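Chain lettering (A, B and C) follows the sequence in which the chains are written, and residue indices restart at 1 in each chain.
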């Protein structure tokens, strides 16, 4: 039999089985178990409606339970145990966590991960939103969208190769094969272009980031600050926490601007981008932003198209300029989608592993938690610490979790 | 539904097999091969015909074709159906499969450290005492091969868990003979001469060395080979062994001195691109500097596999050649050679797997690969005239002329050190940290693993 | 009025230009890889891909003289072209690595022992000697030459048409489809039902379930591998298509449910409530109203899930590829081509474009539906 036919049969069996489950289980529920006729019709309908959600949910719950929840519990268990010689595990309490917190590599990974968590979702969502908005207004928008989406279709390994080529360094005097160094070497000290691209643009970018943070914090804080009457304790605590984080980021940005303004750059020398401490993290993040922007763009573009025309028309009649329309009419209406995109990318970031693994393997201070975990699991064969690192990754997502529970409960009221 | 799936999967398997069997590259009975050992083995192993033997290893691409050409003879002799699968992430793959219970019958370990890990957990079946005796008697320096493959089992008792087959020599310096001729340089015979030559080149305005440590997730490993080679050239073999076992701490002055010896080679103008470029240059790209115009460097120290990364059309012996990475004349440590090898271990026992171990003892199993390329063997019973080319033969001579043969130390250290802290430590060293700092950090990791 | 129109067109220009910049920025790295996929590995490693687009003056590595010896009147000569093609202009040449630019084009140089070598501007060379060369090593020539762009299709033919792996590649292609199609459809189907239940059906514990699903989003895949493979081995699935489908389904579900539920919650409440009043069952509402309305979300998720499964190697390695080697997938095949020590940029570059072809085609095909679905539906 031809492999194509073989594949087709397996596909039909697999997918057909799934569809059959939903159709027949539903039929069974309505016709056999609780038929909506006869004396018990009313009660049966109610009962059927109580059972039906679980019918719909069951395959999903089974798959989730088996493939994700079960490993989570296995991981919690593993993180509290240690392998004993000759096979088997013994319970050691929190020893693995203590051991992990004693490793500088772990703290390096945690700090780096925090940077990743701020930069990548923000940049991807911002670029995605920009691309979505711009492409909706021009004729060749679909072509443009496809081109921006393209990195999504390249595997992580492929992406790592592409960017290695971009960041490649050859010794001074040889021809550079990496774009970054070729561009870098074309800058001269004191020329107007160097000033424009290496001082002004970065300063503006950092300043923009600081302003965006300030605005966002204010938007979040306004309702809390201005609310009259009793304010719940945890709400205030959260506000203070967010505020402190924002102040810290702004403070850092100001220092960054000063740093850029005063730095004397090593013109004319090829740079090894991936080994510059601290900055190399951003070069790695660029790869993920490059990939994830396509994702953000596709989802946000769908949401933007869904914004009702009449609200926009009303704004135009009121004399709003395009920027006001975008920021005051469109963005608030798709806020829900933006949050979804942000969350999704945050989660991708927490799991990011391939890029770091393929490009630096966490050396030169670029370690991240997922790669740290992989290292412990499959290189050092230390399941205890590896699982403990995984628990930290899961812990980092708790704020998102809380936020979602909060939203889900709000919806239900 | 499941039933049907099985049926179709089985049909799929049936349909696809049959295309696997490879032709024998050297007809049985012809040439200077030890065909007697083939026939003898064939007669002794008739009971396993029809069995399936799965082998998992790290070889892919051209290497996979080579190993399969050897396996074809085993198939022809026994009627066993051999399936070889290579993986580029073999180290992780073998762990996952072992933990989950879906190991191949035979796993080809590139690092004894990995075998030791799995053996300790009970995932590798021990070989017999007869196997160990055979190795002692028939491999050059047999006892050392037995020692290298003997680890503590799950019960804590030591046993032989692997069979070395296919050896690499690492103490080689590659160069372009014509570039040497053009400049009037001679191949150095001692480490003193090598260092003088290096300084001579710098004085002439030529960059002596190309060194690249980049290797994606494994960045740093080429430097571990350097340090091991220099360890063997500055300290006694006993010290080397103690170091590998951590009886000699990593931050001992002797080890720090060896690291600094390596530092000498990457210092100043001695290396292409300067010290800063060493860690980021990919090890696969760095030898290309030998062939550039004008040459970016004159010498490159790397193991026997590196010619596959030379530019296309490079002719061995004409465009490129190698010499033994020499030892200090004054230190009287003989001619040490650093090497590595692959270890065949039984990860799922079966009669065919045992027969395969016996197969590895026959000279013919070595000769059919020797006659092709990229294969060195310590088997004393093979016909060395069969080596596929002059290069291999010359490497074989270096191997046989060694006063001391030591296995790649980083492969013997625990994974967290040999495939972790040691690599990253060397990257840090090339990045400017002091040898002492780096050695202290590696020792700290090692302490953490105990 | 003019003022407003002028402003508007100015803004349109700004939109066009910024979009073009953004696209260029995003495309640039990929173009680099694309151009590289038509170059040989030596070219990739020695010069920037952008320089291959125009004529470049460069010092080339040594080329050894070879060819048949012709004897004319006791004079032995070997002649040929250094580059094997036309268009190259030699600026300077030499025979010694220390003086690679010693001579100009057209010069005849005495190499000693009566041998004379001439290299002309177009790369033609003539080596003449009074006696036969025998086994003597022939000289090598260093050139500094202007080279016009040169591209090769060898990388593609090595991946797609090499006789040795053509069968393997075809098999891998169908296997990959067999993995990806169900691994895309099954999770979407399962997630759509679950998302509907979580969005529009009332039952106790709903909020908790949603929270749990979001929590499961972050479970690192690597952790799940060993316990699950163990499980598969225990219940007899082993390494098989069923196993890899289930695994992909499990790993893809949280995001699918999360995205779809968020979309479905936004559907207009009155449509669904009207249908309920009209006596439609949940099953009918789902299949007749919610599913068609959610098409854009389903399509976007389908694209992403397809891409992930298509580009996946890890899950396939663990749950599908057994040691029999019969079930190979594209990514595996490509990794194999790269050889044990990997890092062959030309193969990687080419492979990336071979494997990107199908996902891109899917994206273009689905994009039409995406837009149509959006325009047809009354989406929030």
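By definition in this document, a residue touches a chain if its C-beta (ideal position, glycine included) is under 8 Å from a C-beta of that chain, and two chains touch if they have at least 3 such contacts.
Predicted model, so just to flag it, every value in this text is computed and none were measured.
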### Farthest chain relative to chain B (centres taken as mean CA coordinates)
A
### By number of C-beta contact pairs, the top two chains
A-C
### Task
When you average C-alpha coordinates per chain, which one falls nearest the overall C-alpha average? Tell me, please.
C
## Note on the structure
Per the C-alpha centroid definition, the whole-Å distance linking chain B and chain C comes out as 31
### Query
How many Å are there between the centre of chain A and the centre of chain C, using C-alpha atoms for each centre?
22
### Task
Averaged over CA atoms, how far is the centre of chain A from the centre of chain B? Could you give it in whole Å?
40
### Summary
Residue ranges of chain A touching at least 2 other chains are 3, 6, 10, 14, 378
### Task
List, in ascending order, every residue of chain C touching at least 2 other chains.
45-46, 171, 241-242
### Query
By residue number and range, which residues of chain B touch two or more other chains?
5, 12, 96, 216, 292
### Summary
As the complex stands, chain C meets chain A at residues 11-12, 15-16, 18-19, 22-23, 26-30, 32-33, 36, 44-51, 58, 170-171, 174-175, 177-178, 181-182, 185-186, 189-191, 193-194, 196-198, 201-203, 206-224, 227-228, 231, 241-242, 245-247, 249-251, 253-255, 257-259, 262, 265-266, 281-283, 286, 296-297, 300, 303-304, 307, 311, 313, 331, 345, 348-349, 351-352, 355-356, 359-360, 363-364, 367, 370-371, 374-375, 379-380
### Query
If you look only at chain B, which of its residues touch chain A in the complex?
1, 4-5, 8, 11-12, 15, 91-92, 95-96, 117, 120-122, 152, 154-156, 216-220, 272-274, 276-277, 279-281, 292, 296, 414-416, 419-420, 424, 427, 431, 448-449
### Query
In the complex of these two chains, what residues of chain A are touching chain B?
1, 3, 6, 9-10, 13-14, 17, 83, 85-87, 99, 103, 169-172, 174, 272, 274-275, 357-361, 363-364, 375, 378-382
### Query
Which residues, counting only chain C, touch chain B once they are in their complex?
40-42, 45-46, 59-62, 64, 96-98, 100, 137, 140, 142, 167, 171, 225-226, 229-230, 232-233, 238-242, 317-318, 321-327, 335-343
### Task
Report the residues of chain A in contact with chain C in the complex, numbered from low to high.
3-4, 6-7, 10-11, 14-15, 18-19, 22, 26, 30, 49-50, 52-54, 56-57, 59-61, 63-64, 66-72, 74-75, 127, 130-131, 134-135, 137-138, 141-142, 144-158, 161-163, 165-166, 175-179, 182, 290, 293, 295, 298-299, 302, 305-306, 322, 336-337, 340, 343-344, 347, 350-351, 353, 370, 373-374, 377-378, 386-387, 390, 393-394, 396-397, 400-401, 404-405, 408-409, 411-412
